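Please find the structures below.
Each of the next two complexes has chain A plus one more chain, namely chain B in the first and chain C in the second.
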Partner chain A sequence: MARKILLEHANVPGIKTYEVYRQHGGYRSVEKALKSMTPDEVVEEVKTSGLRGRGGAGFPTGMKWSFIDKKSGKPRHLVCNADESEPGTFKDRFLMEYIPHLLIEGMITSSYALGCNLSYIYIRGEYMWVFRILETAIKEAYAAGWLGKNIMGTGWDLDLHVHCGAGAYICGEETALIESLEGKRGNPRIKPPFPAVSGLWANPTVVNNVESIAVVPWIVNNTGAEYAKIGIGRSTGTKLISASGHCKNPGVYEIELGLSVDEFMNSDEYLGGMMDDRPLKALIPGGSSVPILPANLIFKNAEGGDRLMSYESLSEGGFATGSMLGSGGFIVYNDTTCVVRNTWNFSRFYHHESCGQCSPCREGTGWMEKVLHRIENGHGREEDIELLWDIQRKIEGNTICPLGDAAAWPVAAAIRHFRDEFEYHVRFPEKIKNRDHFVNEPFEKVKHLVAKQAVI
Partner chain B sequence: MEISNAHQEINITPELQARIDELLGHYPDDKKKSALLPVLHEVQDAHNNWLSIPLQDKVAEILGIKPIEVYEVVTFYTMYNQKPIGKFMFEFCRTSCCAVRGAESLMDYTCEKLGVAEGQTTADGMFTIVGVECLGACGYAPMLQLGDYYYEKLDRPKMDQLIEDCRAGKIDLHKLAIRE
Partner chain C sequence: MGVRGLIDMKVTIDGQEIDVEPGTTILQAARKIGGESVPPAMCYYSKLKGSGGKCRCCLVEVSKGSEADPRPMPKLVASCVTGCMDGMEVKSISSERVLDARKSVTEFLLINHPLDCPVCDQAGECDLQNLSFKHGAAKTRFIEEKRTFEPENIGPNIQLHMNRCIVCYRCVMTADQLTDNRVHGVLNRGDHSQISTAISKAIDNEFSGNMIDVCPVGALTDKTFRFKQRVWFNKPYNAHRNCDKCCGKTTLWMFGNEIQRVTARKDEYHEVEEFICNECRFDHKDTADWVIEGPRKFEKDSVINQNNYTRHIKPVVIETEHNILLGRDKDRKKISMTGVPMKPEEQKVLKEGNV
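== the complex of A and B ==
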């Protein structure tokens, strides 16, 4: 199962430099595409591959490319979304830090497919040392003739630059990212028009995640049909998973989609089980925005079938009993974790990161943070649980961009699966005074104190 | 963050101007405003890590845009500091993945050791401690950002060492060799 596409050469000494990267077959996809394929043929290969956007939404990349407006005759742009900020997600950083030329090669081949002459990589400002690594790699690519005027004598020009943000989660939303790239506040735009028609400087623009772009060279070299053979069903290919929390071996892993969650979690090739061998309590499989799963729904779905690392399997059962693959931010929690505290933590995050344009999100995330804070600190009321449910329900679907949904879902899932923990906080405030309350006394040992109530 | 009226010496050195010109070259001639975020980073780095109103006005002048266009950006993004901060700013990630791996107690420890609360600067102007949201280092928790770099998988002895290194002048915020 341990098939490597993106990280195949990650451990080669010096792979960060142009020379070593080139010696290991780097930039072959540019040669192949420019010499023997039309741009549309490259798009077709990506379509055939079944590649789905790796940033979190999972929209088919080839289809997104096919929407770009070529009729207007306006300049077109490819923008790489390297604003990785979804809590639990640190995979793109790994790729850019250790194999920067893979992303640059992907940008060149993809820009050719889309007919772009000016493309950008938008990286979050906190990754400043990675920004410098990319700047160096881009200079090397210019020096070697892969960027600039008349690339490989084909008459095609491409300029590529790296642009940095300055600390705003919302800029990972593609229209906010475009605003930010234009030198403005990161306020998402109302769609339509979609970026494919009117994006950067009102030109047709495609925004793709780092991992989506970095896999394009392999698809061009080996064909989309070969890529589609990897993985399972409509979840083709491999995926980078960034694991954190209470697992034994946190880090970035490349998995073939379709691997079982059990094997990923427990085999020594991957996470090696739980840190300190404590019991697994909950899992967030795809970054902080996707629903948290309780222990009984992690390795098996509600019907008792094996849960797999794929778009379909992780979402089996909908939000009632499933979650999402999302960005691949795999956060593991053991029995010392307080779900209420953790949910408050996420609400604080979303409140801080809300851009403020839409009232349901701007106000609602703040209300959720406040209510969760008072429950966590022993001042909660029984009706606060219903109040939280009501607030999250009124945010979801009522905002310009998906940040509202992303803030609402974690709260809904926590109440859905861990309602008794909220009740415990409300009814036994003296037992949760210390912020490490479940470190000292895991909830499993005290949950009998809470009379079971029906789930909403 | 409140706005500060503290005085700031403005000095656009030839090196800084050259770097700004390089960044401006990344955008079409009629889209120079796009360079605002990267230019603000460079200008802030060269001015003790904060941006006074006169300095923001200077950036507006350099880019040929209105001052308000700079202010609205500076106030939106968390990485731009609108008041003087310590020479070394420890930005502890405290979002979930770091929180469950000891970020809060490490930040408390550091605050206690340096005698300040979260958000404050030590009296000697050396250190500022801030709790921030997810920095994308979830698997290497607990961690902090200092200048352009991350310090990861921290514990108390490593924290003690980092503070010592700062005091000994061994930490360059922006010019560490690129890590292999």
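== the complex of A and C ==
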């Protein structure tokens, strides 16, 4: 059995309630931090742990914390980003729904480390029932004296609020989240200034993912050095992976980073292989915005080494032959999947969710969606593939926030690895018109048609 | 050591050095140098706080971050919101990447734009026209249907043509920073973002007319000038009047003795020098109301100069005019003939059919 840090007590009955959580060692980290550690020591522990942001970018959390402007004397804020909207990712929902007090304990300890007196959890509007669970848990924490004025007699005050979003993916971008929290339209801000200097209400702010905050209590209890022992290389600790798609056991798993993809995919402890006898065709390892991997690059990297579940290993080979760990949205596809349709679906999502502030993303995402829709429905032209490539290239890197990149990468990867499938759609519109292509006739069997065409 | 002050910073743009004060953005530094290196700006407006960074037209390459940290910046940066650092080296038109990015942004801005310049009042003084003239492609690659919006009436003075909008947020910031109550804003998101009053309310404010001046495209135009004239047939004059609400300094757009339009005075980057009130803009179309100072000069290659004051306009003589008019008279007579001279059998076929 692999080591469990976040989901250690997930199956204890009644862990949602304060009493049971407390009996299982809950809020020990708050006691330890407030009684025996200075805020800077807590930051130092998190730095030592090597914990990297679990929201997708993988930026070291301790370093992010050390950037916060403490000199200005302005009030500081910690905001927890629970606006988990990436297609394929549902790990934070599980964590908040089943062990809400873990997040609240993490928020208290982290707020102490950063010297915040007012902290927020920004949760997406679609998680209304989770919002209520968190509200209840916060009330319990207030009643038990973990929140409010003069916590544990130390003279330190902390107020914690849950704020509900209104259903916008873009509000998961940290500056858009801050704008939304301030009551404005959720448009990402132009950086600099970074939130660590001027964030929520122009005060220094740290925005962290749910999972990053929830792991802080364990680090405080067991020291950062202990945490750094888990994992591999610079990918320390454990990570929640939310697996979906055509695998046998989809769900949320906690893995030690460094586990091989092969083991995660095929061992009975985790996904248990494919759902039926149709073979694996492609994999998206980290949520919809990271590049898709074709079957030959999933278990082995381009050099033939084992592919591991870690930040570094998954991105080996760059975007040419690698992908990213991202937020851990592990999507498995078997050979009934149409990659073009899947890409169109993602593109439609990004088109729908672009905030419309900067031109490349506003216009480009819509354009890509329209072109992909045409190809998928049999109205594609040969030059559309080049056109798509060009559009994604022109969006990537030219936008204010990473949504533009997130919209461009899946399209780029799909064309890079599955170009023949696009060609098949363009050249044989008759074969795809019933929308059941590849279900009865896997692409492997019709691949030769495209190859033949290419020779002529 | 020369006359450089201690607080000045040295910035190099396309190989041209300039000393600027701390806090200057790259775009402002480039405008100080002037010429071809000035990046185009569709959303940045120096008179509006917080504008810029959105259209991505002004992307430049920073090939050297600063004297202290000479590493180049990995991504292209929006020059209108990026501050200069001492020793910074910037590539604007000397970088292929930058020109490519400008081409891309131009293409993106144009795919959903109606391209109705022939009937657009902004034509001739449109930033998007200028941008596409410099960086646009001759052919579109967009074969889909363009996105359109329902027309919306925002009052008697301002015409909103949402299909032409490039969502630069300038008019929203104008309303925020110049007027007391902003009643319009951006609705929806993505390529369906639109400027709207949400509940179809008229924008009624003493300074609302400035939205027309700040609009880089023809999305907000003057209703009192609508379809009256192409701007290059107008003669612009500087004029002023005593106004208790604003500076009263304007540009009058004349056609003969008629004032067809009043705008604020705009500089070479199409930014107004001073904002004016609605009374000056919409209500004083009589030359007696104004003290005319003299002709307003425009940059050399502006189409507005087509009708300028210095060029001697010769009367056009069309050699064949006489004969053309004669022939036209003949045709006119033919058309107005009461009976068409048909042969009798033709008349029969016409009446009974040829079956």
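Throughout what follows, the second predicted complex is superposed on the first by the 450 of 456 C-alpha atoms of A that agree within 3 Å, B and C clash if a C-alpha of one lies under 4 Å from a C-alpha of the other, contacts with A are read in each partner's own complex, and residues count from 1 in each chain.
Note that a residue touches a chain if its C-beta (ideal position, glycine included) is under 8 Å from a C-beta of that chain, and two chains touch if they have at least 3 such contacts.
Computed from a prediction, not measured in an experiment: that's the story for all the values here.
Peer 1: Identify the partner contact of A:397: answer first if only chain B is touched, second if only chain C is, both if each is, neither if none is.
Peer 2: After superposing on A, A:397 lies in contact with chain C but is clear of chain B.
Peer 1: Is A:414 in contact with chain B, with chain C, with both, or with neither (first, second, both, neither)?
Peer 2: After superposing on A, A:414 lies clear of both chain B and chain C.
Peer 1: Between chain B and chain C, whom does A:85 touch in the aligned arrangement: first, second, both, or neither?
Peer 2: It touches chain B, and chain C stays clear.
Peer 1: Contact-wise, after the overlay, does A:158 reach chain B, chain C, both or neither (first, second, both, neither)?
Peer 2: In the superposed model, A:158 contacts neither chain B nor chain C.
Peer 1: Looking at A:274, would you say it contacts chain B, chain C, both, or neither? Reply first, second, both or neither.
Peer 2: Neither partner.
Peer 1: Considering only touches as defined above, state whether A:337 meets chain B (first), chain C (second), both or neither.
Peer 2: A:337 sits against chain B, while chain C stays out of touch.
Peer 1: Which chain makes contact with more of the residues of chain A, chain B or else chain C?
Peer 2: Touching more residues of chain A than the other partner does is B.
Peer 1: Is A:387 contacted by the first partner chain B, the second partner chain C, both or neither?
Peer 2: second
Peer 1: Does chain B (first) or chain C (second) touch A:168, or do both, or does neither?
Peer 2: In the superposition, A:168 touches chain B and chain C alike.
Peer 1: Considering only the touch criterion stated at the top, classify A:365 as touching first (chain B), second (chain C), both, or neither.
Peer 2: second
Peer 1: For chain A, give the residues common to its interface with chain B and its interface with chain C.
Peer 2: Shared contact residues on chain A: 168, 185, 352-353, 355.
Peer 1: Give the list of chain A residues in touch with chain B in this complex.
Peer 2: Touching chain B from chain A are residues 16, 84-90, 93, 118, 124-129, 132-133, 136, 161, 163-169, 180-186, 201, 242-246, 250-252, 288, 329, 331, 333, 336-337, 341-342, 345-346, 348-349, 352-353, 355, 435.
Peer 1: Would you tell me which residues of chain B are touching chain A in their complex?
Peer 2: That would be residues 26-28, 31, 33-38, 40-41, 63, 65, 69, 72-73, 76-80, 94-97, 99-101, 104, 133-141, 145, 147-150, 176, 178-180 of chain B.
Peer 1: In the complex, go through chain C and note every residue touching chain A.
Peer 2: The contact residues of chain C facing chain A are 52-57, 59, 75-76, 78, 81, 101, 104-105, 107-109, 111-112, 141-142, 144, 147, 166-167, 169, 185-186, 188-193.
Peer 1: Could you list, by residue number, the parts of chain A that touch chain C in their complex?
Peer 2: Residue positions touching the partner: 168, 170, 185, 190, 351-360, 362-367, 370-371, 374, 387, 394, 397-400.
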